[in-house]
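Take a look at these structures.
Consider the two complexes below, in which chain A is the common component and chain B and chain C are the respective partners.
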Partner chain A sequence: MKQRELYLFVLPALVIVAAFAVYPTVYNFVLSFRDVNLISFIRGTSRFVAFSNYLEIFKDSTFQSTVLNTLVFTALSIFFQLVIGFLLALLFNYEFPLKGFLQALIMIPWVMPIIVSGSFFRWCFSDDGLLNNFLISLGLIQEPIRWITSKSLVIFSLTLANIWLGIPFNFILLYTGLRKIPEELYESAEMDGASSFQKVLYITIPLLRPVIITTVALGCIFTMKVFDLVWVVTKGGPGGASHLFSTLSYSLAFDRFQFGKSAAVLVVMLAIVLALVAWLNLMRFEEP
Partner chain B sequence: MCCRDEKRVWPLKGASKKKGGVKMLRILGMRRMLAATIMGCLLGLYFWGFSQEKITITIQTYWRSTESTPRFIEQVLIPEFAKRYPNVEVKLVYVPGGELLPTILMQAASGTLPEIIMADNPWVPQLIEAGVFKDITREVMAALDWSDFFEGHRLVTSKDGRIYALQLHTNNLALFYRKSLLEKAGVDKVPATWDELLEACEKIKATLGIYGFVMYAAADEAGTWQFEPFLWTNGGSLLELDQPEAIEALQFLTTLVERGYMPRDVVNVTDQGDVTVRWFLTGEAAMMINGNWEFGWHLTPDVLQQLGDVGVAPIPVPKEGLKPIVPFGGECFGIASTIDPQKFAIAWEFIKLWFVEKIGEYYQWSGHIPTRASYTHMVWEAQPLQRPFLEQAQYALPRPLMGGIEKYPNVSMETILAVQKALTGTQTPQQAFIEAANKIRSLFTPEEYEMYRKMARDILDQTRARMLAGG
Partner chain C sequence: MKRKKGVKWTVLTAIPTIIIVLPLYFIAIGGFESVTEIFHRPPYLFPPNPTIAYYIEAYNALSSYLKNSLIISLGVLVITLSTSVPAAFVLAKFNLFLREPINLLFAFVQVLPSTAIIIPLYLVFTKLGLINNLLSAILGISVFLIPFAVIILRAYLVGIPTGLIEAALIDGAGYFRILRSVVLPLSSPGIACVSILTFLLAWGNFIVPLAFLKERSLQPMSIGLFLFIGQYGVEWNKLMAGSMIYTIPPLIIALMAGRLIVAGLTAGAFKE
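Entry: the complex of A and B
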């Protein structure tokens, strides 16, 4: 086949990517340098303001706490999702009764719509909610813990909810990776007298390395852009204390009609995600 | 058929010229006739289709089909309109509440606005400014009495003397209470002042162990809207949040939370019809702030009858002798500026049918509060529970004009975020409002700020004067 024909085959995909990925991203980038509000958005009369959107958001205390929130939320989510997902994958690598049934149960958070699980968490975490009632009835606490009505605690409560939501995804990727490791390696290790812990440490983890890195990379992307969970549980509150980039950007655009600033927030988010994923990709190709 | 003919005909070309030529001509002729017939049929179909083609007028709202207004549109207006204009199809399109404004923005930017646009009243001044609505001054003046609309509704739907939309109905906020719970707690008078409310809540908490009072304080416009009655009645303004009147109002609500009279969870409620109503219905809260739309939503006649003890009173005021000043809600309708003249005439006919001919029937059907003085008596007689809302409606204030018009969404967000910070103890009311006032001031140029601050102050003072004069 000629080179030109080959390009023809790629064309449909190129058009779709250009229309639905490249154009919006570029447009967003352009917006972030303009002063766009409701009126100028509709009329198309926005002004070029260079970096002033960026300067303003960097000065804003809500944005500063959003950066911190997103980092805490992403780092803790990924760490615990990965560890718990990995432990579960190790467990399910063995045969035991009811394995299939339990495996299906683990997948539940994944198949449940976020609006449902989010509503559940809101009810669970509220001052008079399930969790506090439970802890009080056990006598563990006297006063309700302010899971989502306290500025300092709210992001950790949301992270907890997100960890629960993300376990199935991590589990399924790691579990699939685990099944591909040849049994003989473990057998020969056993012959050499390796303990279970040593087998995990010296066989499983090194061989799973590419899978783990891919899982973390995907996790970074998915977690950084979480929107629905936070929106359903707190709308970024109380007092803007639980915003992530995504919710802050949405609120700027559609509560306040500051489309330029909203776009600037997304550009910052995109830059961080790209940097993280690029770094992880580099790690994947390096020899351990 | 045609393909089989072809196979038979073309090989004859060279074999027998004469015979084949005649046959070919004949067949060619048949083919032409066939083609002509098909063409004719297609053209016929096209013109038939054209004469039958319906003109479609789309109305876009955020009301679920079960609510009273869309039912009125579907069951009364559309059938009536179809009788008069058989070739016009009126379509009612639903967009979820939170999505409607973004949808209108995208439609306006891409030139795909529906013919008839519904907008929540706070958005209207901005949408007028952005050129979304067509000027309907001439049509409105010819068809109805513009001065019959309460002042606030005229202010919000017009600009520089030109009319761009009409407000259909209005709503506002009052105090819903459960008589039986108040009685059980030994509260013999429905609280009318802040002090009485605190006292009642204390009794309710002590005897029943439930919350005395709930309201909506989530981080959105509706949260600000529920705070505004406390702010405005105390003489505060959104553009003067660092003043004592505003701080006092916030301090009052913070006290309610601190003393355990109001759950702190009010900052995480999804919407005004969500858990606050559930707490009220299940008796977990004795009083709530909510709007009159609840009578068409959760507090329907059968529910009210079952509970048997729901009453409505004005929102408690800071001091005896004052009357609550509330913001008004309610939706406005206008016609898209991008519409062509033929469709504009039809769309206006539809609006006229609704706002002129059927408006009385509409208010009766829906139980909504009229935006026009001459229809108020209809609801007053029919629905005594609505009376606090009706009384407040004539003095209710347009939100955007009280907070910097096009910057109102920003002012509103800064306000509710500060309210949340105080209610959750992140900051004291004073700290929260001083910070918010600074942020709000930085949204404007000093001249703009002064102009809008004065506008809000004037409207507030004039309204208070009118209320005093009105007794």
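Entry: the complex of A and C
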């Protein structure tokens, strides 16, 4: 009786999530086993093709480089975001003039619409763009570096941009974690003659472990989801060299109308994300 | 409390902070420069011949897109708040039989990449005739933000004393009445913070309007900026000016309510 009335409070949220998230996910799974292009979709004549979408994408060299790109992009982004976020959090773990203002400024990359930061990086990384102009003027390089027009370099440039985007979030989680470590621990370590470096190594990092794992877990989820940045800066180019799962599936669907293959890419992506989340969740409960 | 440091520490901390803010600075001054000045080597650190002409042109070209951004963001805000507040209230304060499965479902949607929903949803909306309809964009964005809002609000609402709710129940108040007169007043910081985050994320959303809104008159700023990326080249100064105009509302919110944003993001991350 009592329970039934309470479910009414959750119902609107559940209905929207079921209709516009769960149903599309299931539908996508079904599509991945069918040969769907624009015509067969509109006519409703798509055929069941079992695993052939999957087999085709696995054989496709763009898909293979996408897997590699995702690995590089995710691993490097998370590592550097974490390190930079941690160093910033250490700097901010004191009281000093203008602290609140500086902290608000650090949030700016998170607050800016990604399309805006993306447009900036497109300019910054272009052959005659801001970064090359700086480096050449400083005499550090002679010829412009082809940050986003070189097939081998492009994913690293995008990673650099993504590291910048992720700094605020990493900083804020680690900073909040740092604030919860009792000051007395550091004081007693100081009395025993510990250096600043030793304090970070033996007090801060072990006590911050759960926070670090949460931060990495969320970082993995966010990084695997990235779409906007790559779409605005390179659209997956040049020649498909900078695709992530998200941009590859989007371009398969909307540039080539191969909805079946696009769905297969999405299923693979989702499986990887879920496996990562499950694994990181397990780590959280493990003893150090 | 934490130890105090002097102005030296401010300078030390300001260095990385300034580096992080540099892109925004270059966007802002780019809008005051000609395209040749933007690509000048060495780059100008200050606009040599500042003019607000490009800002004015960008604003005139983009004002209808700005209006659409506002409509979409407010629509998302209304739908997200009206569904997530009651849901979070019940999930935080009552032992529903299905509580854990529902929590898991919301967590699952949080993990879903937006492309994994948007592409199949595009096909669904095509069949329903909802492409080129603001409602499709509003629903498409809300579906990601409702679970996000529920998770953050739940963390806030758990803190409301159960005794207060029980006392109201004994006095004969219904659940809706309790939500309105007990829970809402006590959770205003949480609701304020979720509102800000929801608005910011809806304001910046790109993929949903990109997929669902092909008609120019319906598109928001995130798509409108592409006006300046033409077939034969990019009007970089107007793109930068437009980008800055698009960034100003979130920037003001962040500088005014930075603490709330931080509180919300961390509440969502550490729910235990």
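Going forward, the second predicted complex is superposed on the first by the 270 of 288 C-alpha atoms of A that agree within 3 Å, B and C clash if a C-alpha of one lies under 4 Å from a C-alpha of the other, contacts with A are read in each partner's own complex, and residues count from 1 in each chain.
As a convention for this text, contacts are C-beta pairs under 8 Å (C-beta built on N, C-alpha and C of every residue); 3 or more make two chains touch, one makes a residue touch a chain.
Please read all numbers here as calculations on a predicted model, not as lab measurements.
Partners chain B and chain C, once the complexes are superposed on chain A, run into each other and clash.
Taking chain A as the reference chain, the count of touched residues is higher for C when chain B and chain C are set side by side. In the superposition on chain A, contact is made by A:T149 with chain B only, not with chain C.
Once chain A of one complex is fitted onto chain A of the other, the partner contacts of A:I39 are limited to chain B, with no touch recorded for chain C.
In the superposed model, A:F254 lies in contact with both chain B and chain C. Contacts of A:G100 after superposition: chain C is touched, whereas chain B is not reached.
In the overlay built on the shared chain, the residue A:D128 is in contact with chain B and with chain C. After the shared chain A is superposed, the part of chain C among 225-233, 243-251 or 261-269 that runs into chain B is 225-233, by C-alpha clashes. Applying the stated touch rule to the two superposed structures, the overlap between the chain B and chain C interfaces on chain A comprises residues 41, 119, 128-129, 232, 253-254.
Against chain A, the residues of chain B that register as touching in their complex are 98, 101-102, 105, 108-109, 126-127, 129-132, 218-221, 263-265, 267-268, 270, 406, 409-410, 413, 417-418, 420-421, 423-427, 432.
Interface of chain A with chain C (complex): residues 3, 5-7, 9-10, 12-14, 16-17, 20-25, 27-28, 31, 41, 87-88, 91-100, 102-117, 119-121, 123-124, 128-130, 133-134, 136-137, 164, 167, 169, 172-173, 176, 179, 183, 211, 214-215, 218, 221, 224-225, 227-228, 231-232, 245-246, 249-250, 253-254, 259, 262-263, 266, 269-270, 273-274, 277. By the touch criterion given at the top, residues 37-39, 41-44, 62, 119, 122, 126-129, 146, 148-151, 232-241, 251, 253-258 of chain A touch chain B in their complex.
Residue ranges on chain C touching chain A, taken from their complex, read 1-7, 9-10, 12-14, 16-17, 20-21, 23-24, 26-27, 30, 38-43, 79, 82-84, 86-87, 89-91, 94, 96-98, 102, 105-106, 109-117, 119-124, 126, 139-140, 142-144, 146-147, 150, 175, 179, 200, 203-204, 206-207, 210-211, 221-222, 225, 236, 239-240, 243-244, 246-247, 250-251, 253-255, 258-259, 261-262, 265-266, 269-270.
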